[in-house]
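Shared between the two complexes below is subunit A, which has subunit B as its partner in the first and subunit C in the second.
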Partner chain A sequence: MGEPIGTAMDSLTAALKSKIIPNQEYFLQGSVMDTAVQVLLHRLRGLCDNLDSGAESFHDHEMCFSIRKGPPPEQGLSLRVRRAFDYLDAPWQLRYIGQPEIGDKSQPTMVRSSLDIACSSTIVEFLTELGCRLDFECILRGYMFRKGRMKITVSKVFKMVQGKTPDGMEAISQSYLVELSVLAPSGQNAIAEDIKIFADQLKPLVQFEKINYFTRPH
Partner chain B sequence: MAYSVNISVEAPIENEIQEITFDGQEIYKTPPTLSEHLTKIAQKIDFGKTNDEENAKDPTENCEKVDEDNKDPANFQSPNWPWESLRNKLREAYTELCVLADVLAIAKDKRYLVLDPMPRDSTETSKPLVQINAKKKALGLVASILTTGTERMKVNLNEQARTRSPDFHIELLRLRQNWRLKKVGNAIIGDLSYRTAGSKFSQSGMFEITKAEDDEKPVTSPSESPNPNAVVPSNKNVSALRVTIPPELEGIAYIEVLCKKDQEALSSANITWLNSGSGNTIDPDTHWQQKLEAAQNVLFCKELFSQLAREAVQSTSPIPHMVVGNRIMATILPGIQLIIILRHSTGGEKKPVPQNTDHDHVLEHSLHQLLREVHYKNTHHTFPHPSSAPLGPSKRRCLAGPTAADRHELVEMTKSQTLLEQIIQQAQHAFMRLRIGYVLDTLAKEVKDPLIVSHWTCYNSPTQSSVKINLVTHGYDQLSKTSMILHIYEKSLKCICKDGRVMNLSYEPQELRDLIMYQIYQHQISTVQGLAKCMGWQVLGNSNGLGLGPVELLGNASSCILASPNGDRIISMRCEPQFGIAVSIAHSPRKDFFPGQLVKERKWENLGGSFKEVRWDKMEGKNFINKVEMLMASLTSS
Partner chain C sequence: MHARDEKNLDTSIGSVQLRINELKEAISSMIFKIEHDGDSLNWPGLLDNFALLSGHLTSVSKSLSAEKVPLLRNFSVLPLLITPVRDELLVQMTEGRISTFAHDLVPDYLRTKPDPLVEQKIASYEPKAGNLTYDTQQKQVAQFGKIINHIHEIADKAKQEWESETSSRTSQPATSSTVDTHVLVYAIGSGKGLKSENVPMVQPVLNQANNNLMGMGRSPAGQPSGSVPGQMVGQMNKAVSSIKTNIKAASTMAPYDRR
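Let's look at the complex of A and B:
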């Protein structure tokens, strides 16, 4: 009780300095056609941990907000809000994702900074009040797996059609997005190697390449 | 025979001349006597010939007969006495028959000898070239039969050899189906630890797999002569695999759990333990599956024990737990100790383990279950929702932010019970359950009126169970029943009485005893009131906590006063746990009235008179209620 007010901020910076906060996301992305997704799921079922109860499915709604400091040429700060349709009592997630670093050939995976905060449903209001603008929204539906610390998601992205119920959504493409990711404190390159090895095991089905899908000309 | 002439042949009448002397006298042979004649004729019988004709089909005999015929003349030439030749012939015939019988007996078996009909004419008719051809053919046939036979036997032998010494690779495949293996250089290394199942125990469970033949041959046949027959029959289930497990995982281990009452028992347990160090050791020829399973069990027990020992040292309980060597001692209730011992036998000596009868199998099983739960929780994390949330934190922790959990809640989240705490709680509960059962049983034995019936629930958790106690009077079950529910926890009891009062009791059995004794007298009074209603008596008053009379040790006395239907009789009774039941009756008005100094008129008698105590032990009746019923009946009628 007698401690100074600044403790929380101090301990946060201390934690950042000592690199115990998992704020780096090592990831690889790829895609698989709808026709082959069953084969991929079957493969993942064999490779991943604890699938005695079957693969975990998810059904999420993602909204991307952005806030700009200046006129259009300047890159805005984008924040993503996600909620689960199938687990209504689960908290919403606010997420900041930084620009992915592709790195040189020696880097097996891409790295981006990532911060996750669980929050309540009032986050949308809060962000709008802050001056954020809704960039886009989409629905992701698919399956989740885990292998050690690695999270593997196989998801289909659907467009949100305005004025329609979530059932009336249309798929963006005829393929599934496959993502391998590990959240870790910065500087743990051994994990990247693990991801690469795992990605190689899915080789003929999914080609994971270090392509920045997010860079768009502004 | 058309030209045949009938010629009559007859023996000459004259006797044969034997000799003619020089004077011309003829000496006649004396005609043979009848027996001489018979001998002569008999000599002429050719036994061989007749046999030959009859048994022409038997070729072997035929040959023999021919041989005999050749011998016969020799026999004819020197007859020493009249019947000799006949006797010889008969004997030969007998010998032949014996031989024939033997041959037939052998031929009947069809194992060594087969009789075939003899082609009679072929040998005579066929030319030599054809004969040779036929012979060649027959020999070829025989050769092919023999070769197929040997082939079949070879295949059989090979198969037998294969089943006896199984293929290394097939065995390896089977091993691989159940165990984790990897190849390091030329060696095959397996891992039997529970690490993939969520264990974080540091000791490794590496084992090595080698081909069994390489090590076995020098042992069984030092002369290095490759003699597979010498190895194979020695032990029937020889495996092609040899599994080498680290020495610290060899043998058999188990965790022994004991609940001891006092120190004396402890020391005696110590002595028995010292020489029970060896358990059932594993035979070196055991199948690898059993070997690996045993080693895995050893590893599991070691992990369990080290976890418990660590917790015992770290825990801050009022009475510190003791860890000595491979035993942990923890006081669960005053005077009662829980002892957990890791028993591991590696020695080669084969001594039967002195079975400790106090060993608690249920608690041992719970210990295993608790560690498996820990393992399960280590690997089975809940998936985050939405999917972008990080893996790891539990759902409660994810919600802690949005719901603004305070420090206290967060601290509560981090708290978890250690294995030792959990097993101590289970042991406490198990002990409490035993104790309560004993108290209830002895009370039911001591107290016959009313009857104490206890119903235990058959489903209970390891740390909670409940029992329902019913008090009924025999013969008056429908009239009144007092029931209680007793919840048994780890160190306390909760009793919910009939009137809804909740009593929290400690682990001391005397408290429960007192409570039930108190309930018994309550039951008696309430049953009497129920009986009074049936009998038409009036309850004038009752009290469950009577403040009068001597001070009770356990609760207050309960009492009630009943009035007969016409109001002239009053029964008063007082039940107290310590002194039992006292019943008094009063008559008003009394039948006989004598006016005295103070009470001059009879009408004052209606106010009620003095009570007289009933000698209760002299009353008729099976139990208290029965006696009260008799009393009421007698008072109503008179």
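Let's look at the complex of A and C:
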């Protein structure tokens, strides 16, 4: 019995070593005010690949679970579960994202490790059984665009209001979150330059920044 | 002394000629550009050309008003020989524009007075102006001044409008806000502002304090606080929300305990 597991692990490590697993997310974040979101969407429609189909809309529920390895000062491991409100038969998604690396000024984007996998709705139960607890949850609604390997999302972030239907949620800001990201195997730093160029095309409508959200602002 | 003046005149005319040649070349290259790549010519390129021309014009007028240059208007040009015979030297000097120094051309090229037609018109106006009485002259001058002022005002207004428009356009990029970006990114990244557990932990304490406050505030009005629970709850919620904002403000003042 030990052998097949061993070979599976071996092939996984081999795949990791040969850098064919796209587990690095290169990304930039920004925001656009509600008043200008139509202008941004219009521009993205022109810049991105899905010209004929138009923007793809999404309406997701995201839950962030965390499990602590040690006492409070230590950062717990966090796992995100996502489900689509608008496609109820779509699988749920479990995602791990690591701590973002800001890099210095020469680094055009941030990088974080990212792994995601499709799963069923029992994932919440499973995680709870493992000892994870719900850290926070939110609702994301917006549009997604593609340009080559790049994914562009324009989304409104809503806070979950306890005991209310998904309609009774409140937006946490008067702006839409804009994210540019590409999943690539590690070491493909050239892609970061592409993201940067695309981000520059959206200026001055959106100012993209590298924000380390793990350290809170003081 | 005389020889020095002549030399001075020669050098200054030479420098003026040089500048004028530069100007001429710039104009001809611009005309060439417009004629040959008129389709691909863009506005900034054309503006660059105009800037070049204006630079040359400035240098011409500078060299004319330079200190060493004698007053050229004190000199006169006299046609010494007028002939209908073709002059090769002249053709070469004028790049083929003038072939003969003849009677029909000389008055045009060496003119120092206005065109005869213009002169005639001026001559017809001058006696008219002379015949006017002082009062009507003053009146007309005042009227003219008024019109000019009016036009000036219109131009000024248009300029102001244009400037305010451009300034509003440049100040417009309020399409994104760094504060909002941070709020959103921190919310998504670390759940700041989304975590609901924090609120219930604070609320009970607040409710108690609030109850006390409300009781004190209500008893003088003669209403038993327990009698209208629905209203009470509503009021409490309102009060709680206001206090919540206070707490937020306080936390920004003392940021170190929230880390």
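Keep in mind that, in the parts below, the second predicted complex is superposed on the first by the 209 of 218 C-alpha atoms of A that agree within 3 Å, B and C clash if a C-alpha of one lies under 4 Å from a C-alpha of the other, contacts with A are read in each partner's own complex, and residues count from 1 in each chain.
In this section, a contact is a pair of C-beta atoms (placed from the backbone, for glycine too) under 8 Å apart; a residue touches a chain by one contact, two chains touch by 3 or more.
These figures come from a predicted structure and were not determined experimentally.
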{"item": "Partner chain(s) touched by A:10 [first = subunit B, second = subunit C, both, neither]", "value": "neither"}
{"item": "Which superposed partner A:193 touches (first subunit B, second subunit C, both, neither)", "value": "neither"}
{"item": "Doubly contacted subunit A residues - partners subunit C and subunit B", "value": "140"}
{"item": "Complex contact set, residues of subunit A against subunit C", "value": "29-33, 35-36, 39-40, 64, 100, 135-138, 140, 157, 159-160, 162, 172-175, 177, 204-207, 209, 211, 213-214, 216-218"}
{"item": "Contact set on subunit A toward subunit B in their complex", "value": "22, 49-50, 56, 58, 60-62, 80, 82-84, 86-87, 90-93, 95, 116-120, 140, 142, 144, 146, 149, 151, 153, 155, 183"}
{"item": "Residues of subunit C defined as touching subunit A within the complex", "value": "173-178, 180-196, 255-256, 258-259"}
{"item": "Subunit A partner contacts - residues on subunit B that touch it in the complex", "value": "379-381, 383, 385-391, 395, 398-403"}
